[in-house]
């Protein structure tokens, strides 16, 4: 099977940057299959990239090499990293972009990229995606062992991950960590946390509600479980608790963006929103 | 030859969705060549996707598998379809997205996707492109016969296609069905209908005009047949009658969008716009 | 190694155009690896495409075939070109899109595309990327010699390239030729010209400043050499003099776009901005 190199950046579609990275990958590994994950991550938005990388990577076959570059600190002394976890490899700047991947893979091996023999003949101070990360990804795709990119690196940069807090029995405080192009709100509530919450109500999803901007929203199984234009909460495709509007834009309709607080509440079977 | 899987969605470039679908295709068929048709179809705009799919597919070599997903009804009871026509395969939701492809290929074989053995280990209620359509496309690319995805399906959803109506001898009523990024207006007048209209005037394109928003527009062979900034009508690259402005944006300049009425008129050779 | 075909257009992500070109390439050369450079070049902006093509191409391995199509004159009598230089091939309209590539490769061989046997069975007047350039690129990727596309072509269209002018000893007049998605300003000052300027001040970059919209900007090595939010000038990744704001948008903050004048000044070591 030909090795896959998957790219995730904030380089957009109006400049040469995405193309130059691909050229650099192919110069190192001509047989690579290059696929784009996303290049319209908002400029400099490392959090969004961290979310997208974590949400996308598990769909790929083992052996895939990911290049994730949102890199406002390029040219400073921030390190470059190459990471191996669950058969995947990840290459990019050490600025928090791997926070969620590392949280999912505590066993990950993290190395600093220091082997200049792998770099482009000339390394600019502003475009390490082309000059360092692309070539390194190409060589990894070609079979280079992780150890050969540089030494093991301690303490990769990680964003603080806000935990879901239990406010009182049957009520939890969460928040929105991502808004997608459809306006769906993904929260910080992981599948395991959601399972814990559902366990409290005996596994019955109709016995929890989600409150966003004062609006009480039922927990359902699919968008279509509520009428068009109405809000619902469900286990999203990335595993996390998600708030959506059926065929509508939840972010706009609810007036909630990244960071917006979200309450999850167990309800008495008698009425929605009633606190236990 | 390696099998090609071509993707068309409204997933945009800021999220992980496009990447996850590619991962799912590659997990099923590592040797696939994946190419993007378009991912910035307006959110939930099934009509635009139907148009783009029909307009793009014939340029691809036989054997290509298309994944077309604009899927506001995901998680409801809408079916998933796999279609075979003219050596192509198409995979996506049964919501009208295949309307124009089916109109072009009346001989198409249409099957419902029901074989859960082909799906991702876990199927979400919100992301069938990753969990069902991507894997199925990968297996089809790998050689899976269409019959193995599920049973033949009757009555796939089709949008009503507004016909071109003859209002009186020498005058036809049509409408705009697509506006592209350049502002060019594609109409519902197919190549066959256009040939019929041209036949009425003896095949001479200078003897028909097109009227949009009250403006009489000459029928020409190429954009450059009118001065810069002026409107023209011609046989567009998708075969349909198209209205454009030479080096300008016809939609903006003429104030016409999708659904705008378009008149086609045969003219006396003596003057433009004169009704026969 | 499988041949790479790299695409650069203004076709955007909401229409079928990009997909159709890929289909046409694959129909001619099924084993090609197709990669996207950029498709969100502003509509009809040949200059931006010329810049992106020149900036991207050198990162690719020799043998790559580039299809560069921003083509407002499609259907007129403008020629189609196929160019060979430094092991690369380039295919697209003769409208100036190859200006910067030709400036970098004075030894380039330029041929007009006239061999209709290579074209799609039917050639539209509005979509030569699909009907001519895509197929020709596919055949070149497959090994077709350049001579077989058509005869050598004299005088390809080139934009006038504004030179950097020395106003007086130690002061040069330049201009912005590209603004990227981050708001970074790339100037017309090439690496060689920049080296010449640096030579005047004994190679010490701290002895030159750049003036944009009246603001005196220090010349540094990397964005991080100035505090966040402050402007700097440096040798950009494309080799040219670039003006940026550390973690900010220089175009917005400085109020400067394409065409904006830029002064480069040698300064006395004693103070920034002081004329020699």
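Note that the chains take the letters A, B and C in the order they are written out, and that residue 1 is the start of every chain.
Convention: a contact is a pair of C-beta atoms (placed from the backbone, for glycine too) under 8 Å apart; a residue touches a chain by one contact, two chains touch by 3 or more.
From a predicted model like this one, the values you see are computed outputs, not experimental measurements.
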For the identical-sequence pair chain A and chain C, what's the CA-based rotation angle in degrees, nearest 5?
120
Could the interface between the copies chain A and chain B be described as same, meaning over half of its residue numbers are common to both, or is it different?
different
Averaged-CA centre spacing for the pair chain B and chain A, given as whole angstrom:
32
Return the residues of chain C touching two or more other chains; collapse runs of consecutive numbers into ranges.
13, 33, 36
Quick check on the complex: what are the chain C residues that touch chain B?
11-24, 26-27, 30-31, 33-34, 36, 43-44, 72-77, 120, 124-127, 130-131, 134
In the complex with chain B, residue positions of chain A that touch it:
1-2, 4, 6, 8, 13, 33, 35-42, 48, 51-53, 55-61, 64, 180-182, 221-225, 234-238, 242, 244, 247, 249
